[in-house]
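Below is one structure, written out as structure tokens; the observations come after it.
Naming follows writing order (A, B and C), and every chain is counted from residue 1.
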Amino acid sequence: MNQKHYKLEQLARFIQGELIGNPELDIHGLASLAFATDKNISFVNGEKYLEQAKCSKAGVLIVTEELKDHLSSNFSNFSNFLVVKDPYLAFATLTHVFEPKREQFHIESTAQIHPSAIISDSAYIGHYVVINENCVVGDGTVIESHSKIDTGVEIGQHCFIDSHVTITGFSKIGNNVRIHANTVIGGEGFGFAPYQGQWHRIAQLGSVIIGNNVRIGSNCSIDRGALDDTVLSNGVIIDNLVQIAHNVHIGENTAIAAKTGIAGSTVIGKNCILAGACGVAGHIKIADNVTLTGMSMVTKSIFEAGTYSSGTGLFESGQWRRTIVRLRQLADVPLTKVIKRLDHIQTQVESIESNLKMRK
Amino acid sequence: MNQKHYKLEQLARFIQGELIGNPELDIHGLASLAFATDKNISFVNGEKYLEQAKCSKAGVLIVTEELKDHLSSNFSNFSNFLVVKDPYLAFATLTHVFEPKREQFHIESTAQIHPSAIISDSAYIGHYVVINENCVVGDGTVIESHSKIDTGVEIGQHCFIDSHVTITGFSKIGNNVRIHANTVIGGEGFGFAPYQGQWHRIAQLGSVIIGNNVRIGSNCSIDRGALDDTVLSNGVIIDNLVQIAHNVHIGENTAIAAKTGIAGSTVIGKNCILAGACGVAGHIKIADNVTLTGMSMVTKSIFEAGTYSSGTGLFESGQWRRTIVRLRQLADVPLTKVIKRLDHIQTQVESIESNLKMRK
Amino acid sequence: MNQKHYKLEQLARFIQGELIGNPELDIHGLASLAFATDKNISFVNGEKYLEQAKCSKAGVLIVTEELKDHLSSNFSNFSNFLVVKDPYLAFATLTHVFEPKREQFHIESTAQIHPSAIISDSAYIGHYVVINENCVVGDGTVIESHSKIDTGVEIGQHCFIDSHVTITGFSKIGNNVRIHANTVIGGEGFGFAPYQGQWHRIAQLGSVIIGNNVRIGSNCSIDRGALDDTVLSNGVIIDNLVQIAHNVHIGENTAIAAKTGIAGSTVIGKNCILAGACGVAGHIKIADNVTLTGMSMVTKSIFEAGTYSSGTGLFESGQWRRTIVRLRQLADVPLTKVIKRLDHIQTQVESIESNLKMRK
């Protein structure tokens, strides 16, 4: 790639930061504190990175307003700073400045596009992309090589669809949506009617509706609804290898980390955070503002906002085996009764003791 | 898509249902009770949907014979019904009636097919499909765009292979098999011999044998056997993101939900149900008619039919942390002895009390 | 495929084994003990396979030196043996002898390769492969159909990249690396800065660095780093459907089984074994020589080599529900105090009893 570079005063403007130091300094990129050179800008994301920051070779540090008054004492070997409210947000903004961007938007000659499809003149369609009947692709949208946009799929503006993505099931996708490589949107839901010992397939007739500013990682499966639609609301972000089953609804700005699975017809609220590898049963509801820690197992609806967890944690394996032996005994040990019996016996013993004392 | 529509009497014939109402009624599709309009047919899947059904705007309801006698009292604002034994099965049947079907079967000009491959004249081969030496594709089979059918793979009749599927390892696939997008069949099993601190790859020489009426979801990995074959028997249904390791055998009509993984050489019986995200260890056996609830962890063979479960369930996180602290103490607390000691002490105390009474 | 065949004396040389029997015997392949015929060679991997071996129809058995002295007693119906130190390693070696190998190395006419890319004359580039600007592909490397090698990616010598692989994010891949079908290397990490209730995307500017002799299964996601790189060291082997998040480092010769996920910035040591479906939290460290059993949940750093486990194991579901009820009571039951109280009460009771005896 052609390495981008900017003067420090330009970067200060992008993040609306206060510049302390040399405005003409030429910056070639962002870097972590550990690996930054004098051509790099780095950021101090809170007190706990202070010691690491002091040893950094970065040419510029992004710091908080709180740190500003102590720059000379803390960072005597640095001479360039950008002072902002939220260094992590400033860093996020600058990643977009240094990110390589596609410059040419056109349709590669090898793309197979059905004549009925409507493709914006400002879209990029990569090599060997296949777009079927009645599809729509909006302005500024990039569809990378080999992706398959099946019949009736509509994709909004300024989306990024990486390679080998399959979008089918008449899915409708909003604006500024990012879908990473090898993900499948609108695949058939897992619907079967059992009858006389066999599974009878239920053809899935619903679709997938994806709002604006949604992000879906690589190797995800988002199934189309059985009759109604599977819905990802505006601002939902999803990591890699996530399963969203048919008819699931995910509320606005909910974040779902890698390897999580949501079973059919479950409704998840707004602003939830599901950490990695959670499993959520079907046909339940999760309230707004619920956080699930990693590997949580949700089998019932959650009605209260809050943080929830599952699992035994990690044990040294010998200790784990002994613990599991006890756990298997637990069902037959009336724990709460044990305490009551202890209390009762203690009372008896004390009564006997005072009785004996009196007899002395 | 061209929306299909049918007269109600046609639909009644498809599902062998008793028609009550207007046989000429024009029906444009299936819909859920909540979203149905007067052009839609909906179904009442048991008593618990009764209240929801009463408020539906559906033009027709599929109901059970049990409900038939109470139609006027329960559904006074409906005038059209189909009465059947099993409304869910009738619904499953009707989804196929309304499902859009491919009408043209041919080989797209961009498909790369080795001259030695035998492709039925009635198969459809999509754009950019690659089919290598000695492959066979049967009558009426659809292979969607970009799929890769590697050397020696054989696919039966009336199969559906969605886009970006990779079939390799000389896999043999039966009739009426559906494989959804981006799934890999016959990839190399994870076989390595440890020697002097390094992993020595074992080239996998077995294959994958898939029976008839098997269904595999999207983003699955079904590995080829090391020497013998990995086998999915007739009627097996598999959801998305499922891992089936080398040499695994799955018995007839077993269902495996999303995100489950089966480790190498394990044999699973017939008519089992593995819910989502289960993990099954390698080299074990699971009997017929075993059900595993979601996220079950199976480390030993299961010899008895029945339902099995794992995990702690979900806790509010503060409560969870306190519970885990106790769980960590459990290994050192002789639970069953506690009860015995309590019993023993109680006996002692009672004996003392009666002794004291006698002395009065 | 053209079935390969070898004389027994050739096979003996490949594995440096002692030949007992007919050196001219024609062997058509490896087979398991159960399915071997008289044209096959099979192996006895330790004492526990002895009984099965005795019933095998294999033409040749690979056995240990320990078994050599008892061949006539144990295997009276066999006349051909190869005697080696490690039969499993010998078997691993022979799989490579019988594995079908690609014979022609060239670039298929349908591959789209940017003029700036440097492709070795001895590489094979399959149909519909797309290779972008400034890529490098080394000697003897095979890239199967439909794979996408994005801008700036470099791939070493003698690698095997199966179909539908996406390599992006300027990843650098060493020699003798195998990447199986539909895997994504260098996809965008899941990095977002929360601000005013929304998620602000952090463009990922790091890369993925993969050493030599690394193996990655199918449907994996290995994300590029945020600023620094994600690193897989020499000799790492990874199974299918594995998630490696941004900035993770995996040490040499560590093995990771299917469905495991490693969250961002975690560092895993050398020679570790992570069994299937483990979940490892972000920003932690795992020491060298750590083994995690299946479905382990790691939320804190592991500083000591050893074996670690998680989970409750499997229960019959009724028993499981009863156990979970007790587990939920556990937080409120002071287990260690119960034992202390029991000890205390017992002392009291004994003291009362001796007191009473003395009074007699």
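In the analysis below, contacts are C-beta pairs under 8 Å (C-beta built on N, C-alpha and C of every residue); 3 or more make two chains touch, one makes a residue touch a chain.
Protein names from UniProt, one per chain: A, B, C = UDP-3-O-acylglucosamine N-acyltransferase.
Nothing here was measured: the structure is a model prediction, and the numbers come from that model.
Copies subunit B and subunit C of the same chain sequence form an interface built mainly from non-equivalent positions, shared numbers / all numbers used being under half.
Rotation angle, subunit A onto subunit B, C-alpha superposition: 120 degrees, expressed as a multiple of 5.
If each chain is reduced to the centroid of its CA atoms, subunit B and subunit C end up 26 Å from each other. Under the contact definition stated at the top, the residues of subunit C that touch 2 or more other chains are 128, 146, 164, 182, 219, 241, 259, 277, 311-313, 315, 327, 330, 333, 338, 342, 345, 349, 352, 356.
Taken in their complex, subunit A has these residues touching subunit B: 112, 128, 130, 134, 146, 148, 150-152, 164, 166, 168, 170, 182-184, 187-188, 190-193, 195, 197-205, 219-221, 223, 226-228, 241, 243, 245, 259, 261, 263, 277, 279, 281, 293, 296-300, 302, 306-313, 315, 319, 322-323, 325-327, 329-330, 332-333, 338, 341-342, 345, 348-349, 352, 355-356.
The residues of subunit A lying in touch with subunit C in their complex are 1, 29-32, 34-35, 86, 88-89, 91-93, 95-96, 98-100, 108, 110, 126-128, 144-146, 162-164, 178, 180-182, 213, 215, 217-219, 235, 237, 239-241, 253, 255, 257-259, 271, 276-277, 294-295, 311-317, 320-321, 324, 327-328, 330-331, 333, 335-336, 338-339, 342, 345-346, 349, 352-353, 356.
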